[in-house]
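Some structures to go through are shown next.
Both complexes below contain subunit A, partnered by subunit B and then by subunit C.
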Partner chain A sequence: MSHFLSPVFASGFFESEAVHIALAVGALVAVVTGVVGVFTVMRGQSFAGEAFGDLGTTGGAGAYLVGVGPLWGFVLGNVIAAGAMEAIGVQRARGRDLATGIVLGAGLGLAALLLHLYTTGHSATGATVTILFGSVFAISSTTIPLIVLLGAIVLAITLTIYRPLLLSSVNAEMASARGIPVRLVGVLYLLALALAAALAAITIGTILSTALIVGPAASALRITRRPLTALLTAAGIGVAAMWLGIVLAYDSYHWPPHGTIWPVSFFVVTLVFITYLLSGLPEARRRRRADRRSSASLVAQPTTTS
Partner chain B sequence: MNEAPRAAESQEILRVDGVCVRLSGRTILDRVSFQIAPGEFTGLIGSNGAGKTTLFRVILGLQAASAGRVLFGGPAHPREHARRHRLIGYVPQKFLFDPDVPLRARDLVGLGIDAHRLGVPRPSRSRRALVEEMLHAVDAERFADTRVGKLSGGEQQRVLIAHALIGRPRLLLLDEPLANLDLGSAHEVVALLARIAREQKIAVLISAHEINPLLPVMDRIVYLAAGRAVSGTTEEVVRPDVLSELYGHHVDVLHVHGRVLIVAGAGEDTDLAGHEGVFPRSEVLS
Partner chain C sequence: MFSGFMVNAWEVASIVAVVAGIVGFFTVMRGSAFAAHAIPNGSFAGAAGAILIGASTLIGLGVFSLGGAMTIGLLGRKGRHDVATALTLVAMLALGALFLSFSVEYAPEVYSLLFGEVLGISPNEIAPTAILGALCILAIAILCRPLMLSSLLPEVGEARGISGLRMEMLFLAVLALTTTMTVPVVGTLLIFSLMIGAPAAARSFTDRPLVAMGLSVAIALLTVWVAIAASYETNYPVGFFVGAGSATSYTIGRVCAAWRNRRTAGLPSVT
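Moving on to the complex of A and B:
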């Protein structure tokens, strides 16, 4: 067995502590982003998810500058961004993209300055790459309690407001006619999304974090009909992509160019993308079969009399 | 106010009493009054922009009235808001689900029971039976396991009605439910609603810009034009003198093959119509 697996799992895969942490954190983050992402897609807030990812760059750069872990920066940056979006009017469907775009622009400008200050002060470009593209193999074990806490908060929020959130995501008018405080539900959800994006950023980087939020969820919505199944499917797809991505990245040490590993983010995002393409196949096949059946019945019509 | 005013004495389920709504200087509703008794089928008729949706929002408590009030009958509840939400089932206007929404028809109906509750729903036999009963009541069992976004407009409408009915409301509010439907589906939905009103003693208030599909089933009509309303039975309201006064200019009411055509007179300058002209230089208002 191990002989068979050895070409896939390069030597030391199961012994390395960095790999253990990467697998555990990666799975937790994928579950959280998958669950949150289903509502992001349903609510048409993918752009807000993208903005949180990008704005994590600002927070992350600030964190490096003051010398704390980047996760603190991601969280703080995203929560401030969520507040700003809410204040500007992210909940009105019409001004929503505008509000998001304005906050995003301002935040990224600040990120440019902070990264400039850090890199000129420290003559190191590693921070920029870590922030933008993540470094799941470099997560220190001291960060794990915070990651678990944040993940638990996001899941608790989302599952607690599950029913009101589901109905107000489907139709806000129906929800408010039922007495659901739609705005409060929206704010709580935005907070959950902001924290989920921060968690995604620490694994696959700020600019790729949306892929982990939107990708598995969008695939899940194409293959499931039930809301709870969609949450589980999105989480499952995320975990699978994350773990396979980690395995491939670890293995890529033996790939050209020798002696370096390819970024985990590349593998994860690519796998998510492929999954999305594949998830469209059942529907396409069903449609083709339906077409064939209807054209067949057209041909058959003259001969069938009953 | 310690005790919320009630519309109880005459067994009314809803009393709209002199409701005015003014938004940024414009009068949307002007002293609108009518009442609805349990099990009564009421059509709220008016062209686009007459104020139908605003009136619904006032009744639902989503829009404050500048003057007047809305009173509800039915059992008392310590919190007036909660009583209103328990009393009313609501089907929103011009709404079609996205095809990728992960909700089967039965999931949406189930949300009608407990969407306001926290947490994830726990499946139970009684919950499933109730959903099944409602799907049966609107004749939607056939597509109970289909995604709502893949259903036709008429099928979605029926699922939305089941969603609104499952909370056992006393008053069903439907905002232009026939607007997106072909004639056949519209007649089916109207017949379904009439049956529900009769069998379950649920009052139905339905808004429409076209009066004819509702004529056979309406107990009462509330005719809305430019924010003002007249109400009564169809015979009392759909008359040239009554409607002419409401519109503020001469209006003819024509009966053609069992249909009613409400037509502005020749030369009348009206912005209320928006329907195709039947006769030269005149306009069909409804």
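Moving on to the complex of A and C:
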């Protein structure tokens, strides 16, 4: 068996403790981000997800500066950012991307300052790259309890408000007509998204974390329209991309250029992107067939601008 | 503060601010803040790749920003626009991560590409920046009327034969051009803050488009000038002051708008 699989799994893959941790943490994070991401895509809040990822950089840099684990920084930075976005008005569809953009700009400015202070104070430039691009193999086993706890919190929030969240994501007017506190649901959801982005940041880096949140979910929503199936599909795609990415990164040690490991994040994001492109194919074929049947185009694209 | 290498910084930053103020005005009006974030941020992979193969950074940035812009436009046509933007961005950044992992000595360059190194601008960077900046403004001047119509009243634009898709692609191309000229000198962060903060603030002060565009340029110029001076005095990165300045001007704009609205209470707010 192991002989048969040796071209796929390079030697030592199943023995390494770093790989065990990476596989376990990666799967947990992929499930959490997949579930949260479905709502992110439905609500059109990808930009907020992206902003949380980037603002994690600010928190991560701050954490390095005061000497605590980066995950604390990601979490704190994202929660503060969520509050700021909420205050400026991320809930209204109009002006939402402005609110996100302003907070993002200010936060990244702060990140520049913190990284500057850290790198000048410690004569170490590696922090920038580690925070930005992550390193799932470098997660220490002491961080795992915190990761599990955060994952559980995010899933608990999402599942508790599942039905009101679903309804207010699909149709906010109808939800508030039914007496659902849309604003409160939105705030709770933003908090869940902020924490999920922090988890994604610890595995594949702050600026790539959006990939795990948006990619699997967007692919899942193109494959199925049933919400629960979409949640499971998104989680499944996320875990598959994560594990395959880890395997490929481990194997890449033997690829050119010699002696370097290709980043896990690169494989994960590439796999997610390819999945998204492929998931559009059935829909496109169906649409083309529908177009041929009736010469008039039936499906009008919903405009998502502003 | 106004001698030697600092002269380059003032000149280049002023060019960048003018272009950012104008292009940013349309960015805010069209609600393309995400694209304006994604294209500069993703194009940094192009710079990393160019350095890896020993090509000019400018070419790498140009190829990646234009490629990214076109991918966003084409993917956004079929699926959700923000999803397409997010995934294009991370795909480019992932390539950037790969390029970085191949070149070991690159970490400080990452920092300067992302956060800007406006004080380290050399004189021979002024000419390309000025030429590309002039191209951006020329493109906007040509596109101005149809772009404004299709941004504000897309249906009317379509009825008059202005294709929304073509306008989107052209505008994204202008964004890519702006990126190519600005990222090597000021970093992806500075340009994004300027392109969003200044026009958003300007729009809170006035509802007239041309006045807002002028005001946007003025605020952008003021922001960079203050930022460079502060950065020179304190030795802190210029990106921090630009980010803070943009957020401050936006906050002032919002407060003023709220105050105006209260005075004209009863009339519906326009912004």
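As a convention for this text, the second predicted complex is superposed on the first by the 286 of 306 C-alpha atoms of A that agree within 3 Å, B and C clash if a C-alpha of one lies under 4 Å from a C-alpha of the other, contacts with A are read in each partner's own complex, and residues count from 1 in each chain.
Rule of thumb we're sticking to: a contact is a pair of C-beta atoms (placed from the backbone, for glycine too) under 8 Å apart; a residue touches a chain by one contact, two chains touch by 3 or more.
None of the values given here were measured: they were computed from a predicted structure.
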item	value
Touched partner set for A:227, first subunit B, second subunit C, both or neither	first
First (subunit B), second (subunit C), both or neither touched by A:161	first
Partner chain(s) touched by A:170 [first = subunit B, second = subunit C, both, neither]	first
Broader residue contact with subunit A after superposition on the shared chain, subunit B or subunit C	C
Touching partner for A:143 - first (subunit B), second (subunit C), both, neither	neither
First, second, both or neither for A:107, with subunit B first and subunit C second	second
Partner chain(s) touched by A:179 [first = subunit B, second = subunit C, both, neither]	first
Contact residues of subunit A, present in both the subunit B and the subunit C interface	41, 222
Subunit A to subunit C touching residues, read off their complex	41, 44-47, 49-50, 88, 97-98, 100-113, 115-116, 119, 125-126, 128-129, 132-133, 205, 207-208, 210-211, 214-215, 218, 222, 257, 260-263, 265-266, 268-270, 272-273, 276, 280, 284, 301, 303-306
Of subunit A, residues touching subunit B in the complex	38, 41-42, 159-164, 166-167, 170-171, 173-180, 220-222, 224-230
Touching residues on subunit B, where the partner in the complex is subunit A	60, 62, 81-82, 84-85, 88, 90, 92-93, 95, 97-98, 100-104, 107-108, 111, 114-121, 145-147, 163, 173
Residue ranges of subunit C in contact with subunit A within the complex	28, 30-34, 36-38, 41, 77-83, 85-87, 89-91, 93-95, 97-98, 100-102, 107-108, 110-111, 114-116, 154, 189, 192-193, 196-197, 200, 236-237, 239-244, 246-247, 250, 254
